[in-house]
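So the structure is just underneath, and the comments pick up after that.
Each chain carries a letter (A, B, C and D) given by its place in the written order, and its residues are counted from 1.
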Amino acid sequence: MSITAEQLDARAQPLRLLLFDVDGVLTEGTVTIDGNGGESKTFSIRDGAAIVWAQRAGLEVGLLSGRASDATSRRAAELGIQIVLQGESNKRAAYERLLADKGWRDDEVAYMGDDLIDLPVLARVGLSAAPADACADVQQRVHHVTQATAGHGAVREFIERVLRGRGLWDAVLASHVNP
Amino acid sequence: MSITAEQLDARAQPLRLLLFDVDGVLTEGTVTIDGNGGESKTFSIRDGAAIVWAQRAGLEVGLLSGRASDATSRRAAELGIQIVLQGESNKRAAYERLLADKGWRDDEVAYMGDDLIDLPVLARVGLSAAPADACADVQQRVHHVTQATAGHGAVREFIERVLRGRGLWDAVLASHVNP
Amino acid sequence: MSITAEQLDARAQPLRLLLFDVDGVLTEGTVTIDGNGGESKTFSIRDGAAIVWAQRAGLEVGLLSGRASDATSRRAAELGIQIVLQGESNKRAAYERLLADKGWRDDEVAYMGDDLIDLPVLARVGLSAAPADACADVQQRVHHVTQATAGHGAVREFIERVLRGRGLWDAVLASHVNP
Amino acid sequence: MSITAEQLDARAQPLRLLLFDVDGVLTEGTVTIDGNGGESKTFSIRDGAAIVWAQRAGLEVGLLSGRASDATSRRAAELGIQIVLQGESNKRAAYERLLADKGWRDDEVAYMGDDLIDLPVLARVGLSAAPADACADVQQRVHHVTQATAGHGAVREFIERVLRGRGLWDAVLASHVNP
């Protein structure tokens, strides 16, 4: 059900919150486990830069993960992400609590997810997206599928697309050319 | 010796146990070793989700690995996998002990492996499978080769295929759309 | 604005310093975070060999990173890199301090970067370069884009190209064939 | 200077020792460094299986690395590799000491390497090989380039090729089909 570029631009206007799944969106969808029970995740630096740009442009960024992980908490802290919902096996319930708490509407939220557990939230938000390597059932049900794969720029590409849709990208670029 | 879709559906009906090799099936087939003797493995989150769905659908899931690794034990515990056979250099003997212990028949088991050590068990089970990047001698001898590679969704794809063959996939999907 | 091979050769002549961004240039642009706050980065051994060859050929090598990381410090020490500027959110200011300190001119420096934060320095140096997988806005603004991707030989390829441009490659090769 | 299949078979006959570089041959050519000075390397399980088969078939296996790493020592121990030469910046000198010590001739050794530092030994041995992603100067100077890349089966493919050349592969396969 992919939408046109004009429709995506229109859906980008009311956004206040860019919400992201973690595994398979901010990471490749793999987890590395060692023999001591430690667990690590691998994040993209360029995804992180885009998250900071979105925040500077006035958007909130949040994480919504079914799995709880200290690595996620640390990456969120590093990027100044304050909305971090982890270990939420029922993502729709967590999403509804968040919106009630903040007083936000569905059309003020974009969400990117990659697997079946993300479908209920993807069906609710104003703008839904998935990485190029999301599972087929998700790709068929979102507004926008990025060309980049998860952990390798999917989040960066989506944020850049939203900022362009709101006419904010040239300012991001200019702030770097002339810092 | 790949089989038709109809034959695969037929072989999926009597299954009780989905048994998986670890290295090269649940992982990319690499092991990361540090200077302190620690060892880590990298698993796919989407493979893990599918294992949980198979269990909820009433199938047992088990692991059969030639190599013993604490990382494997931890991943198994996380996914609620209770049949974990590790350090089994003779996989056929381990397989036979398991079936004798459980009272299961060969046609009630599916096994996915990637290397020569897996051939004796692959030759026995009702439904044999391999990832897209299994070694050639294995690919030539299994019922089904997935399109996905090991550690990147081969297990997910196979479980989804088995659940579809048994008519159980729509229920999995529906349980996510309306959790 | 890519330049011809002859122009690249000409720009290679006055170089004294080969300066490299770290994330997305010396690495794939990913960072692995564990639950204890540890962070690791993955470097290419062949990139490292080329850095040593450049130093032996009389060129200085330096690192200029927006992010501070102990892993970067350790890799730099291992390769004998003494110019290590980390945690520099304003790369242009750091670059200008370095040149003032050393008494070097812009045309004596080559810089390779991959993201918007690198643009101000890329616009200043005598020879600017980016890996094959740098972001589009950077690729459009550098003299040279390598065929290799970051963390998989982009630095090696660029150093080899500079050494060839200065007529120094045959000596590197000969020193290995007859050590 | 690649040779014909018949020439490769002929060069496989006198071999006693299969010698391998580590970084870029047994691994992808990357090293992961953490903030505590730890270092890890990633090895292929299927490469390891082939090393064990070669040993069982009566061949010695050895490692010759320019870089010293505890991870290499541990992987070697795990595979029962007793010839482990590490931290050898002059590989030819280390190679000559080994041959003098063992009383072996050049035509009794095969060596696989990926970078310039390997050229002197590659020029000496009876059978020289490189992974598909070795640097160009090496690929041009070896008898055989594998289709697989380093860390993803190059060593496995080469060992399998040598064992086939000596007529030993069918026995390896048969020992697995009927363990």
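Basically, a residue touches a chain if its C-beta (ideal position, glycine included) is under 8 Å from a C-beta of that chain, and two chains touch if they have at least 3 such contacts.
Since we're looking at a predicted model, the values are computed, not measured.
A.B. asks: Taking each chain's centre as the mean of its CA atoms, how far is chain C from chain D in angstrom?
C.D. replies: Chain centroid spacing, chain C to chain D, equals 31 Å.
A.B. asks: Just how far, in Å, is the C-alpha centre of chain C from the one of chain B?
C.D. replies: 44
A.B. asks: In chain D, which residues are in touch with two or more of the other chains?
C.D. replies: 32, 40
A.B. asks: Pick one for the touching-chains graph, please: line, ring, star, complete, other.
C.D. replies: ring
A.B. asks: Which chains touch, pair by pair?
C.D. replies: Pairwise, the chains that meet the contact rule are A-B, A-C, B-D, C-D.
A.B. asks: Note which residues of chain A are touching chain B in the complex, please.
C.D. replies: So the residues of chain A in touch with chain B come to 23-24, 29-37, 40, 67, 90, 92, 114-117, 119-120, 123, 135, 137.
A.B. asks: List the residues on chain D that touch chain B in their complex, please.
C.D. replies: 32, 38-46, 49, 69-71, 74-75, 151, 156, 172-173, 176-179
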